[in-house]
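Labels A, B, C and D are assigned to the chains in the order they are written; within every chain, residues are numbered from 1.
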Amino acid sequence: MTPSVETWAQELAGESPYVVTRRALEVFGVDVAIAFSGAEDVLLLEYANQTGLPFRVFALDTGRLPPETYQAFAAAEAHYGIRIEYCFPDAGRVESLVRKKGLFSFLEDGHEECCGIRKVEPLARQLAGLRAWITGQRRDQSPTRAGVARVELDGAHVGPLGPLVKLNPLAETTAEEVWDAIRAFGVPYNPLFERGYRSVGCAPCTRAVLPGEHERAGRWWWEEATRRECGLHR
Amino acid sequence: MTPSVETWAQELAGESPYVVTRRALEVFGVDVAIAFSGAEDVLLLEYANQTGLPFRVFALDTGRLPPETYQAFAAAEAHYGIRIEYCFPDAGRVESLVRKKGLFSFLEDGHEECCGIRKVEPLARQLAGLRAWITGQRRDQSPTRAGVARVELDGAHVGPLGPLVKLNPLAETTAEEVWDAIRAFGVPYNPLFERGYRSVGCAPCTRAVLPGEHERAGRWWWEEATRRECGLHR
Amino acid sequence: MTPSVETWAQELAGESPYVVTRRALEVFGVDVAIAFSGAEDVLLLEYANQTGLPFRVFALDTGRLPPETYQAFAAAEAHYGIRIEYCFPDAGRVESLVRKKGLFSFLEDGHEECCGIRKVEPLARQLAGLRAWITGQRRDQSPTRAGVARVELDGAHVGPLGPLVKLNPLAETTAEEVWDAIRAFGVPYNPLFERGYRSVGCAPCTRAVLPGEHERAGRWWWEEATRRECGLHR
Amino acid sequence: MTPSVETWAQELAGESPYVVTRRALEVFGVDVAIAFSGAEDVLLLEYANQTGLPFRVFALDTGRLPPETYQAFAAAEAHYGIRIEYCFPDAGRVESLVRKKGLFSFLEDGHEECCGIRKVEPLARQLAGLRAWITGQRRDQSPTRAGVARVELDGAHVGPLGPLVKLNPLAETTAEEVWDAIRAFGVPYNPLFERGYRSVGCAPCTRAVLPGEHERAGRWWWEEATRRECGLHR
């Protein structure tokens, strides 16, 4: 039986990201999958691999990712001997948007519509078959993520047995700790990080940041800081 | 009534690319569209625009195009005041391929399968509603294109009234002439051409060429020269 | 009369970088110059300009700077209406080194010899005509700079009147504060900072750093952390 | 005794670039050197190496070359086991120019002054110790080079024994033939050629060319086509 979110939160308090990841795999097996964005959340794959347990990984291929991110996906597949479950947006919805508004409508009226079609809907489709998912969200990533918990009930996504459990093993880990671990374990990382990127997303909506800028300054920079979420995490 | 391909071939022999384009628009109206790849075939849009007639343009967004090509599409839309009809691949087919074989399977077993899903099928869907299409094919582009005619019956694609007419206004134009015209008319071109690219396609399957290399050396370079077609033109 | 270094240190304790810069210009006039590396020390030019006093700037053009840094120099000249006093290495010394050991000898036997010819000697020549110089050194830049003071007697460089006074207005300022000020004042900065660089030097000896890496990890990375100084500051 | 230029011209008529190079080395020995620009004239080093004779190479390091060209020099040194004799401009002259006019004065009043200091003077210094030099000039490179001969008397440069002999083994070779040979012999080439460059010079004065543009369109493009020579060849 699955522990309640409250029980888990107590059990996992103070445990390392590795332990949180391992417990998730032990409890949910094939009914849990890691959401991999092609960024520094690749560390979750490293922890999953260290458990020796089988693990599932999915990624949202929006059709607008930078070429480097496809390389990062392929590098992770090769390094960990896995196949990623890519999720692709619906042709009809994409065509309907871009034929009417062009390829850069998000610069005019916000990224929600495009993210909705290219990320949120494919994610919902993928989660519909799961009981839980594991994400790389961290509190230090954004003002909108300051309250992220290690274990949450995902009110926005429903699977065959009800709302999903969402695990954020890195919630209380800092960017510096994540990168120390990536270097220490020799984890393959997205080459964009060698060009000043501190966050990874669609090519037209992500850019390198200047020294002293927050990583979220490289995402949807033409919009307000509090709206710089793609809608995957609510 | 539509002239037969044979009649047209005679009528258009010796006429300029502009005249071929204009005649196609006059004869077929909304039942013809220009296939725009984001490359130097942008010159077709210039000729179409010069006619003063309305014209349709479509483009195959494979989901793996380089970011510069999306910019080229947007620049053409802005310059000519048009909306391009983008064609996007089917989510189920893409997911089925990449979940099983990864994102770079074409390096192992050839580009036909991937091109089939991301280009050929969406093209067929688009052409199914047309009576004719206009392409930028030229004889000097490839050994496989040495026999391209200005007007052809397209044996591979069928519309509601039977096989499509395929017009190649640039068939006998050279790359040098195309680029002279692009510069002379101030046509907006893909910035990849400023980085050594001589042909434009999907990011992982296109690269810059060296001096003295044929433009086709920048496409599917790991395969034989005679197989460097994506299957759009048969 | 010039205050002693001890007197100055007391006088300037707790004053802002702007005040330190202004006092240096007031006291030394044309006998002081700002050493500008093309990096975030451009902020010193902003402060100098804000004083309304005339100010001198020099830069070491080693002959191996990245093209972006020459642009940064030109941008600063245009923005502040100044001419930078560039210092160029001696032809005979450079030729002697590179004809014997090649263009990348520093990868084999350390950067001291090359820096000595391209930076240290031209700097000494420039400083020989001054009584004081202003640098952008900060304590947070490197373990080797943890003890940098706002005002120092420069034991390594002698001018016509004896050892130079060295002023480091940013000694106790953090990288984050420097960049906040650069953005706030609209100071033109080196475009390399938009590509992941956190420090600027010669092209073959500088690179972008990863998230969580110290800026000095981008300089002479094949050598020990404690030796990552070019010899300008002793 | 050295043959006269007229005798040589007859003797070498119809001979291959390899034979012209070999004969130059046989006749002049250590009194001849190859001028290597870091571009496709690297083929001359290949021919010299194939002779089995010792050969000298020099290069003009202007202090503004792109980083890739330094790599090309180092790659040629490693591939052929040679040391290149780099020629560096005089510090006083460079400083005098850039302190007065800035780093991009050539955009305002032409490239002759800067080329004079960074190329022409160091070349004259190098040639002063030679009896002959070998260059990669070709007739197809520029309208200004249409009359280049395989063997010429260099009226512009004088060595200890009088005017130099100038050999241009590639005078009648085409760019396409040069690149075919580079590929066939596996000669290491400047990576700029993989980014659309067709000519190589100083970073601020060289750029990639578009399809159909002449290689000289990538040099001093803000000046007239007939003035696009740096003054090395008169």
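In this text, a residue touches a chain if its C-beta (ideal position, glycine included) is under 8 Å from a C-beta of that chain, and two chains touch if they have at least 3 such contacts.
Predicted, not measured: the structure shown is a model, and the values here were computed from it.
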item: Touching both chain B and chain D (chains); value: none
item: Longest centre-to-centre distance from chain B, chain (CA-based); value: C
item: Size of the rotation, in steps of 5 degrees, that lays the CA trace of chain B over chain C; value: 180
item: Interchain centroid distance [CA atoms averaged], chain A/chain D, Å; value: 53
item: Chain centre separation in whole Å, for chain D relative to chain C (CA means); value: 36
item: Of all residues in chain A, the ones touching two or more other chains; value: none
item: Pairs of chains in contact (touch as defined earlier), listed by label; value: A-B, A-C, B-D, C-D
item: Sites on chain D touched by chain B in the complex; value: 40, 175-176, 178-180, 183, 189, 193-198, 208, 210-213, 215
item: Residues of chain A that touch chain B when the two form their complex; value: 61, 63-64, 66-67, 70, 73-74, 77, 83-91, 94-95, 98-100, 102-104, 122, 203-204
